[in-house]
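Next come two complexes built around chain A: one with chain B, the other with chain C.
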Partner chain A sequence: MNGWMGRIVTVDLGSGRQEELPVSDEMRRRYLGGRGLGVRLYSDLCPQPPDPLAPENAILFMAGPLTGTVMTSGRFQVVSRSPLTGTICDSSSGGSFGAALKSAGLDGLVIRGRAERPVYLVVSHGQVEMRDAAGIWGLDTQRTQKALQERAGAKASVACIGPAGENRVLFAAILNDRDRAAGRGGLGAVMGAKNLKAVVAAGDRATAIADPVGYKEMSLRLDRAVDKNPVTGKSLQVLGTSVLVNIVNAHGMFPTENFRRGVFNDAEGISGEKIAESLLQRQSACYKCPIGCGRTTRTRNKSGEGPEYETVWAFGAHLGVSDLSAIAEANYACNELGLDTITMGSTIGCAMELCECGAWDAGLRWGDAGRLTGWVEDTAYVRGVGADLALGSKRLAAKHGRPELAMQVKGMEIPAYDPRGAQGMALAYATSSRGGCHMRAYMIMPEILGHPVFLDRFSTAGKPEIVALFQDIAAVVDSLVLCRFLQFAVGISTLSEMLRTVTGLDIGDEELLRVGRRINTLERLYNLRAGFTRADDTLPPRFRNEEFQTGSSRHRVVRLEEMLDRYYAVRGWDPQGRPTAATLAELGLQDGRRG
Partner chain B sequence: MIDLDRQTLARMIDHTELSAHSGEKKIANLCSEARTFGFYAVCVNGGFVRYAVEKLAGSPVVVCSVVGFPLGACTSAAKAFEAREAVANGAGEIDMVISVGALREKRLDFVRDDIRSVVEASGPALVKVILETCFLTDEEIVAGCELSVQAGAKFVKTSTGFGAFGAFPDHIRLMRKTVGPDIGVKASGGIRNFKDAWRLIRAGASRLGVSASVAIVEGLSLYRFAPDAWLEEEIPCHFCPSRFASIDKQPKAVYAYYKKKCLPCPHLETFNRFYE
Partner chain C sequence: MAAAVEIRFYALLRRRLERRRLAVDGDGLSVLDLLSLAEEQAGRPFLDELLDRGRGLLSGTMILVNGENIRLKQGLATRVHSGDVVDLFSPAGGG
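Right, the complex of A and B next:
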């Protein structure tokens, strides 16, 4: 088999039983791998949405057909039901774990049940072995990885949880290859609830290529495209993702103090330029990645990876903090303890506003850089104020009687682009299948960065069509399991060419986009079964009612109602957001169990 | 509405690599992309013509070479020599740069003879004349087009990509109006995506000189979705040469010419209101 390894294994941690999960060629063609195939398999395995932290829930580690081949293909996707949002959720991580999983002989690993005692799994030669994790339970992610690599060899790649996952913090992350994180959605807590500390993968199996000559030519073209593109070939390499700080701030949509302002006066002091000048030790890159957006940094006290743009914002402008070292150290703590930096920072911001308005007397104050790392540690160990912060912003704000102060969609915190400054991004947040996420349709590309063209960011015209298109492309990239930054340099035709040369599957652009649409619709079906409705496709009232008074996004609010009906129509969903019978038939999803 | 298919668009593109730091590896990639996507030509510096011809052997892709590039300020004999050598090495098309200074000084006979010497030296190869519109007023652009046609060139072209700015629809419209339907108009410089390309094609361009060719062709497949939204032109200033006029990069008189056109323009208020 070209591209895929042709083997997905299911492990029940309770009984220790393993079996191979058969996947037909047709299913691979329809869902590819990674997110798409993961969501489809999850829907089959858990048709009725289970409690995310119960043994019945499944968690899938998925590689894709291109994993281990072209540039940026070391990634993997984790799929499960999110304890933070209750939606179906996939979380993506870079590094090389995906490539290691595949070279160990698997396209995917499905984990069910709950182990009686802490365990970890070792994947090699297509087999999975369950081992006792007593000696590593309680360690942070860095020590865990080091300990397991000492046992399995330096070439092994480890995906693990830290204390936050063990303590089932609802936004616990899974860390791999030192500091790469499957951060969003709290799937680290799902692992913790299963008493699963880590998955270790190592092997030497190579992925077979269907058309080696075409593959070589396509790879050269890809090199050139990435090199020529100013974002992938220059900005991200020189300044990392934090290159966005000054750009987004200049657009008046850099969320400041829990989204109450769109301009952070100290943005320059936390920008990518400032990181390069003060903290940067060296550039770092994932498996086979020529872009190298990662930053290895050092403060006076510690060194580590990051912070990247979203984290700079979450612990910086969002909290009124301009101390770059404090931001970096809070980021290191999140990586070590296994927490999603976006939700962590956003929840602290929500807590600060709760304290300011008197709804919660916990002493969190804007700009208090000195206590950031302490709050992160308290959250991971669910102690002191951390016991409340560990709830995430939605539950925290509701608990203290001010639900409107949580800046979230479906329970997932909105990241570092204020939707009042980009109407398409607003619609993307509202309709994302996993909640307030910028990666489901990165509308910042056309609305702020002008790729593939500049769109009027304040206009709603045509945005439903373009958001749906971007969501479909994102689903394809996540299912091929590549880095989203490639989208700056190549289009759908190159993605389809990559798939053809590696796997021999020549399905063309049109069909590839239909795969994306099918995946988004399947996720929608699952969320409908989990109880989500049109009423959940919305944004907090702040974005719909309150205008900024300064900055270039002032006097703007989100006009979601102008876009939502049209978005549903474009998707082939009824006015309540339910896929119609005709849409299900067109996408081959008419199976009632999944619908 | 976009009445253009992918193949037709590709056949309008001269896939270009003219940077000083390009080596054979980049030219090989350029040729590979041209074959794969079906571009009309590759446009390279004279030193790579033979190499590109070898790489494209057996394909319909034409090799185009630049002459007097990018300043156009060398002698006519030097331009003619360059052209002759490029054609001998297999170039099917020649993109020459006019003597911009002479045109601005209205030494029209010199300019015409300069172009004619390249046309004659190029033999069967088609000659395109680069006017470098960023350094010219509208009147000078019209004169440059007329002289090109009189000298036997088959195409007029906007820019080298090394000047103050590249191709704009206003200039393309003016050039098309001047040369009529039988002479080609090539837009080049600053064309980064399908929207840029489409705007120039609608204005009358029959050929595009671009290095972002793959992105442009791939872009077309995206535009089928919500073309109205993708192609919405909210502020004309975004593609007006007056907006891009630069005192640093243009002769003072040319800069003043474009800025003078900007002030009474009704779009200026829209632009200012949007960015206030």
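Right, the complex of A and C next:
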């Protein structure tokens, strides 16, 4: 088989039994791999949404048909039901673990049940072996990876949890290849609840290419396109993702002190430009990636990876902190302990506002840079104020009687773009299948950065159509599985060319977009079954009612109601956001009730 | 030069010019003329980071006048006035 390995294995951690999960050619054509195939298989395995931390829940590690081939293809997707949001969730991570999983002979690994004692899994030669993790349970993610690589060889790639995942913190991350994280949605807690410390993958199988000549020619073209593009060929390399700090701040939508302002006065001090001239040691890159947006940094006390834009914001402007070293060290701590930096920082910001208004007497204050790492550690070990922070912002704010102070959608904290500054981004947050996430449809690209075309960020006209299109393209990229930053340099036709040369599957651009639409619709069906309704496709009242008084996004609110009906119509969903029978038929999802 | 137009450089432009800002006596000029004047004054070329050969905006270039993208105004023909702040970003991205 070209592209795919043609093998997905299910392991039950309770019984130790493993078996091959049959996947038809038709299924691969309709869902590709990664996120799409993962969500499809998950829906079939867990048709009734289970308690995310119960043994009945499944967690899938998925590679895609392009994994291990073209540039940026070392990535993988983890799919499960999120303990943070209760939605279907997939979380993406870079590094080389995805490529290692395929070299080990698998397109995907499905894990069910709960081990009696801590275990880890080793994948090689298409087989999965369960081993005792007693000696590594309790270790942080860096020591865990080191210990397992000593056993399995330096070439092995390890995806693991740290103490936060073991302690089932609702936003625990999965770390691999040192500091790459499947961060969002708390799937590290799902591993922890299964007593699963890590998955190790190693092997030497190559992904077969259907059209080697076409592939070579296309790869050269791709190299040139990425190199020539000013974003992928220059900006991301030199300045990393934090180049966005000054850009978003200049647009008056850099969320400051829990989204109460859109301009952070100390933005320069935490910008990508500043990182480049202070903490930066060198750039770092995932498997086969010429872009290399990663930053290896050093502070006075430590060194590590990051901070990326989202993290700079979450521990910086969001908390009124401008001490770059403190931000970087909080980032290192999140990586070591296994926590999502966005939810961690956002939850601390929510806590600061709760304390300021007297709803919670825990002593968290704006700008208190010196305590960031301590709060991160307390959260990972669920102790002191960390016991409350470990709830995430939605549960924390509700517990202290001020639910409106959590800046989240469906329980997931929204990231570093205030939706009042970009109406399309607002709609994307509200309708994302995993809650407040910018990656489901990165509308900042057209609304702020002007790629591939420039759109008026304050207009709602045409936004429902474009959000749906961006969501569909994102689902395709997540299912192939590639890095989303490639989208700055290539469009849908390059994606279908990649699929064709690698797998031989020639479905064309339109059909590929339909695959994206099918995946988004399938995720919608799952969330409906999990109890979500139109009422959940919304944003916190702050964005709908409160205006900024300064900055270039002042006097604006989110106008969701102007867009939501149209968005449902574009999607072929009824006014309650439920896919119609005609839509299900068109997408071949007639068995949609079952998922 | 309190009444000048203030130009602020970011990202790769800042690295190239090794400066963060420049005050230009550009009251009443179009953005295009302002930038040409700024290039002269800065003593180093930088417009190639922002404009294409036909002197249109490169895809992805962000030029803000008082926080508003000139693409939403009259593009490079947008007039600037003393006291205005012009932010220049060469094409950039992240996530």
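Worth a mention:
Heads up, the rule we're going with is that the second predicted complex is superposed on the first by the 592 of 595 C-alpha atoms of A that agree within 3 Å, B and C clash if a C-alpha of one lies under 4 Å from a C-alpha of the other, contacts with A are read in each partner's own complex, and residues count from 1 in each chain.
The working rule: a contact is a pair of C-beta atoms (placed from the backbone, for glycine too) under 8 Å apart; a residue touches a chain by one contact, two chains touch by 3 or more.
Everything numeric here is computed off the predicted structure, so don't read it as measured data.
Overlap between chain B and chain C is detected when the two structures are superposed via chain A.
Once the two complexes are overlaid on the shared chain, A:A201 sits clear of chain B and of chain C alike.
Judged by the touch definition given at the top, the superposed model places A:D456 against both chain B and chain C. By the touch criterion defined above, A:K228 reaches chain B but does not reach chain C. Shared-chain residue A:S242: touches chain C; no touch with chain B.
With both complexes superposed, C is the one of chain B and chain C in contact with more chain A residues.
Of the two partner chains placed by the overlay, neither chain B nor chain C lies in contact with A:A317. The clash between chain B and chain C in the superposition falls on 242-250, which is one of the stretches 98-106, 116-124, 134-142 or 242-250.
Overlap of the chain B and chain C contact sets on chain A: residues 451-452, 454, 456, 552.
The residues of chain B lying in touch with chain A in their complex are 26, 28-29, 32-33, 36, 193-196, 211-212, 214-215, 217-219, 221-222, 225-226, 228-230, 232, 234, 238, 275.
Within the complex, the chain C residues that touch chain A are 10-12, 14-15, 49, 58-62, 64, 66-69, 71-72, 87, 89-95.
If you check the complex, the residues on chain A that touch chain C are 230-231, 234-236, 238-244, 246-247, 250-252, 272-273, 276, 293, 308-310, 438-439, 442, 445, 448-452, 454, 456, 484-485, 488, 551-552.
Partner chain B is touched in their complex by these residues of chain A: 217, 220-221, 223-225, 228, 451-456, 459, 461-463, 465-466, 468-469, 490-494, 509, 552.
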